[in-house]
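Both of the next two complexes hold chain A, though its partner changes from chain B to chain C.
Entry: the complex of A and B
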């Protein structure tokens, strides 16, 4: 269909055309996405292969000091006169060997079994417990083994850089250049290598407190670690946790809980995202309409809701919505003074779910208003001016300029909010805490979404860390796929330097 | 014709005023209720069945700060805990966020794209999937032990909390990176030609020009600890004297304490919410500037 043909269609036909086009293109987009993922994996392995090739080539071409650097870190650098760097490399190797001998090696050795020795106790003549052998703690073994693996990867990176550096200095000597001094190198860290200076501290912190726990928890998903019989000693169970979640026949209770909660999570995310978006746009348009005074007052009123900490407003709401809370008292005035005692949050499942979505509007709409107001003010005024000169009615300028502009700008934001709502822990946890409870569910209630279920399983009465981690991984897969598709197609990602 | 147009416009505006007014009322009334009931003298909402209080008193605020120091619900201590934690984690987070976002916005190096992708992927895992591991990590470091203080005066659990809040801050670089992206590159180039190093460009050119985003970063990382209740709860457990205000207030309305402390909960909420709200409104200019300049650009 040509552009002119498209322009001649009536709005319904245009909509039908676009609708068809979207679904016709959707498989292609998803296909492209998986192709991109596949290509990235291929690139990764090609990169590794290339690394190995360089590794061999350097060894063949290197002189004796460079060759010795393959076994003893830093020899090449010291031989070429770059003493401080060579000594640093050597220190890394010494420390790593000490670390492995006295600490890490033991845990790596125990990793496949996660420990076998059970606690041995003896009772003396007074009946007091005397611990002879504390036995193995699988959790500690797994955590330290993860730490050891991370340290090993870092040291491997240092090892590779040591070889590269040795070879570089060998080439420099062949060309008759002298290695740079410590002072010059230090200066370089404030200019050419400034990214290393800036990033090393944040990356260290993220590595210890985000990446290490994350690897640990991903590994936990493949164990039977729970709060009851496997609190101290647990074993690898392969994919069993994922099987429990997805297999409706063999583990009906857990799988039914998973699918039930996943369905509600989806409904919740869609309802919460679109209710906030539509209501927010409407209010923002009303506030920003020409001729409306007191704009900043109205905006401030709504912004106060953002400014008040969320836990205060949500706890307040949860108290106001109880059977003796303010809402029921308010309703009793219309009910002839009799308190209807409606249990908004823990009554019927439908009531609780509706309440959660409505309260979420109260919490979330101001955010949309705030960001929409910014966008509305950013629409270039000359667009409107030229439309007015051409004789467009206010309605026409709205549908032809304002609306397309806003939808264009906010689509990525919409998806981000959708992902945010899948992970929206606060609203559910502080309002209902998952209630009303569902006897058919595995420690979850009707309003629980996946992340609050995850919380219940890791902090609640029936702890099952393995299952909780498996849920976390599934949530990650859902969110990551959604966000990657969006990020790859959003303009600000493709056109990163458009404004600079 | 003109007159009817004017009439229609006025009518439309009047309807909009009414709708906006009603909506403002709906949005604000819970907070009015909160403030009124924190001052209420004639019994709490649990005993007295009236929406509006008849007598006002400051007694609950006085109780909050002076009355309960002997019991396990020690609000002044919680307030100080939160303040100290917020200050330290604010400093560390701000430094991390600004360093990371400047690096990714302005410096070009081989690992840039891979690192940004890793950061994005890390951000997609549900945050508290790692809670348990984090707890054990802090436990191994000895930072969950409430009985022995570090150097004799520093509560270990608070140090742990600061680490928890600030360590991952570097991952939240997107908004300020977006802001740095909008600062013209020509400035950097001019400075480079004049012989400035990247370090000097960061401190003397980019940072002074980015006041809104610096304020925004400081603000968000300072407010964070006041509002978090999950990590704090996991680390503190039952050590009530080390609680932060968020979990402290939550403790006040659990079934065991609710009858006695409900009004103090209201008063405490006001004490926490008012400064943060005022701070936020004062900085709203920066906030809007920060969000729209950095976050959304189509």
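Entry: the complex of A and C
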């Protein structure tokens, strides 16, 4: 189909064409995705192989000091006169050895079993207890072992850089060059290597406070860390937690819960995102329409709802929607004074789910109005002017100028909102708390989404951290995949310059 | 200038990283117990009476411990009283030097989780409700009651509170502190007569006539377990594996019949029988919309204040199942004071825990906080308090709140919610049976 042919189709046909095209191209897209992943893996291993090759080649070509650097950090640098750096390298090695001997080694040793020692006590003649050994705590072992592994990786990087540096200085000496002084190197950090000066501290902090806990939490997904019998001593269980969630045959209850909740989570995320988006656009358009008076008043009125904290609105709503709440009292006036006792939040699943989506508009639409108003005001007026001169109807102007412009600008925002809604803990937890109950589910109700289920499992009485962690990983995979696919197929990504 | 700006930006990035950490760290340690372990308690009662003082053990027991530093966890409402008691403790042992005994507010339902998560930094002496005991024992963080005290503690405290913490070898895991962690029937005695209060049908009929509500939190496993318990499906600790909830032998048709009887009442008295948070009982009393409810001992003060002279209390009523009146069986817990095995002053911690659960301190708490004592002598002094009478009568028809699986609360809550739903058909025996079987499977984490 040529471009002209396409342009002549009516909207329904266009939709059908695009719909068909999407599914026709889907296998190819998926194939490309896996090819790209495969290539990345290949590149990774080729890189490692190259690293090993360099490692060997340097050893063969190196002089005695460079060769000694393979065992003792910094010897090469010191031999070539680069004293301060050599000493720093050497210090790193000494500190690392001390760290491993007095701290890390023990935890690495216990990592495969996650601890076996139990409490040892003795009693005096009156019966007072004396604790000789408190026994192992698997969580502490896992945490410190993770720390030790990360430290080891960092030291390994220093080790490689020590070898490279030794060899570089060897080459420099062969070429008759002198190593640079400390002063010159320090100055370099304010000039050529300024990015390192700036970013080292933030990266260190991110490593300690984000990456390290993240690795730790991911590892928990492979243990039976739960409140049953394993709060202090737990073991590796491999993929069992994932099996519980995904194996519909052997672990029917948990797997059914997972798939049931995952399905509702997606429906919820789509409904919540688009209801807010569409309603927000409509209201923003109405406010921004030419000839509307008191624009700023209307805008302020909507924004005021943002001033009330979200959780306050939600808690209020959940009170108003109970069987004896304000809504039912209001309805009783139309019902001859009899309270209809409609259970909006814990009655039928359909009613509860719809209520959640509608109430979510209350807290979400103002934000869309706000950002949309800004975007609407930014559309170049000359586009509209030329459309008017060409005799375009207001509807045509909307579908041909306003809508494409807005979708172009807001696709990344839509993706963020979608992911945000998949993890929209507040609305579900504060409004329904997962109700109505579902006896077929494992500790979850009809309106529970994956994160609130995760919360029930980890913060409720069960303390099933292993299972909760596995759910968290699966949520991440779902979110990451969806966002990547949508973003890569969006116009904002493919055609960055379209509206500039 | 640019560089300064860049440094500022980098600083902000760091701050964001730290902020992110704060969130995840917080969610790791905080925890919220649902209904299962209602910790705070504000019921009030009169009482007193002097008896011999079995509170202070001999000072020589401190042994070589000097310069003692201890941390005590007490629930918010009890902090001030505990501070006074600790002061008296220090004053009494004038020959022993105390560096400091710190009293810190800590909700009892979370105490066990906090201790297990980080025993090194946690309190040396702490209060906890009985359903948390299993967790503490599994984690091996409790120092059992010192052998020299065991006989005295056993002799002085009510039998049920002792057997619930008794290990197989006869030692005690912790010191009994209260004997009142349960719920009972509260009612407005101008609407519901004492005679009505004997049967659930009577209570509901009286409420309906007056156009007022009856509240039983049917979506909360702590309360809704009465449906299954009354039918005979009573829990009995764990199976041999130590983690699967064990039920005593029960007759399934009988349980199903009882569940159907409850569901029938919910439907017949729709609008009268309501499932709401028990906190709504006292507000409902105040504005006249509620005439009766099943409420816990910790809300007694509020209920009493709301009703004044009209306040009535009784054990839970009976329910008519197939022609026979069955007593409603509830869940009943106790509170204990335990010693953290990581304490550096084992002797002082044990003596302090012994003292804090001794006669004098229990009487103080009964007088000032309204906590029902576990000490027999203190109980006798309070025998004519109507609330404590109702509680102790219900305790005779209750399942002890010990050794409860984590899956118990939410599954029992679901059972209650399902029965209460508008769409539920109370005459559908097959559906009730399936629901009950699913509930048991959920609790036992099967399939």
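By definition in this document, the second predicted complex is superposed on the first by the 433 of 500 C-alpha atoms of A that agree within 3 Å, B and C clash if a C-alpha of one lies under 4 Å from a C-alpha of the other, contacts with A are read in each partner's own complex, and residues count from 1 in each chain.
Quick note on the criterion: a residue touches a chain if its C-beta (ideal position, glycine included) is under 8 Å from a C-beta of that chain, and two chains touch if they have at least 3 such contacts.
Everything numeric in this text was worked out from a predicted model, so none of it was measured.
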Looking at the overlay, does A:451 come into contact with chain B only (first), chain C only (second), both, or neither? first
With both complexes superposed on chain A, which partner does A:205 reach: first (chain B), second (chain C), both or neither? both
Touching partner for A:438 - first (chain B), second (chain C), both, neither: second
So in the superposed three-chain picture, is A:59 touching just chain B, just chain C, both, or none of them (first/second/both/neither)? neither
Looking at the overlay, does A:346 come into contact with chain B only (first), chain C only (second), both, or neither? second
With both complexes superposed on chain A, which partner does A:128 reach: first (chain B), second (chain C), both or neither? second
Just to be sure I read the superposition right, which of the two partners does A:298 touch: chain B = first, chain C = second, or both, or neither? first
Compare chain B and chain C by how many residues of chain A each one touches, and report the one with more. B
In the overlay, answer first, second, both or neither for which of chain B and chain C A:213 touches. both
When the two structures are overlaid on chain A, which partner does A:462 contact: first (chain B), second (chain C), both, or neither? second
Do any residues of chain A touch both chain B and chain C, and if so, which are they? 139, 194, 198-199, 201-202, 205-206, 209-210, 213, 217, 324, 339, 459
Which part of chain A faces chain C closely enough to touch in the complex? 118-119, 121, 123, 126-131, 134-135, 139, 194, 198-199, 201-202, 205-206, 209-210, 213, 217, 227-229, 231-232, 251-253, 322-324, 339, 341, 343, 346-348, 435-440, 442-443, 445, 456, 459-464
Of all residues in chain C, which touch chain A in the complex? 3, 6-7, 10-11, 13-14, 17-18, 20-21, 24-25, 27, 30-34, 36, 61, 63, 113, 116-117, 119, 135, 138-141, 143-144, 146-150, 213, 219, 242-243, 270-271, 274, 276, 289, 341-342, 346-347, 350, 405-411, 413-415, 417-418, 421-423, 435, 438-439, 441-442, 446-447
Which chain A residues qualify as touching chain B in the complex? 139-140, 143, 187, 190-192, 194-195, 197-199, 201-203, 205-206, 208-214, 216-217, 220, 283, 286-287, 289, 291-292, 298, 300-313, 315-317, 319-320, 324-326, 329-330, 332, 339, 362, 366, 370-371, 373-375, 378, 408-410, 413, 419, 423, 425, 451, 454-455, 458-459, 465, 468-469, 472, 475-476, 479-480, 483, 487, 491-492, 496-500
So in the complex, which bits of chain B are touching chain A? 9, 13, 16-17, 19-20, 23-24, 26-28, 30-31, 33-34, 45-46, 49-51, 95-96, 99-100, 102-103, 107, 109, 112, 115, 120-122, 124-134, 136-137, 140, 163-164, 166-171, 178, 181-185, 197-199, 202, 223, 226-227, 229-230, 234, 246, 249-250, 253, 262, 265, 269, 272-273, 276-277, 279-281, 284, 287-288, 291-292, 295-298
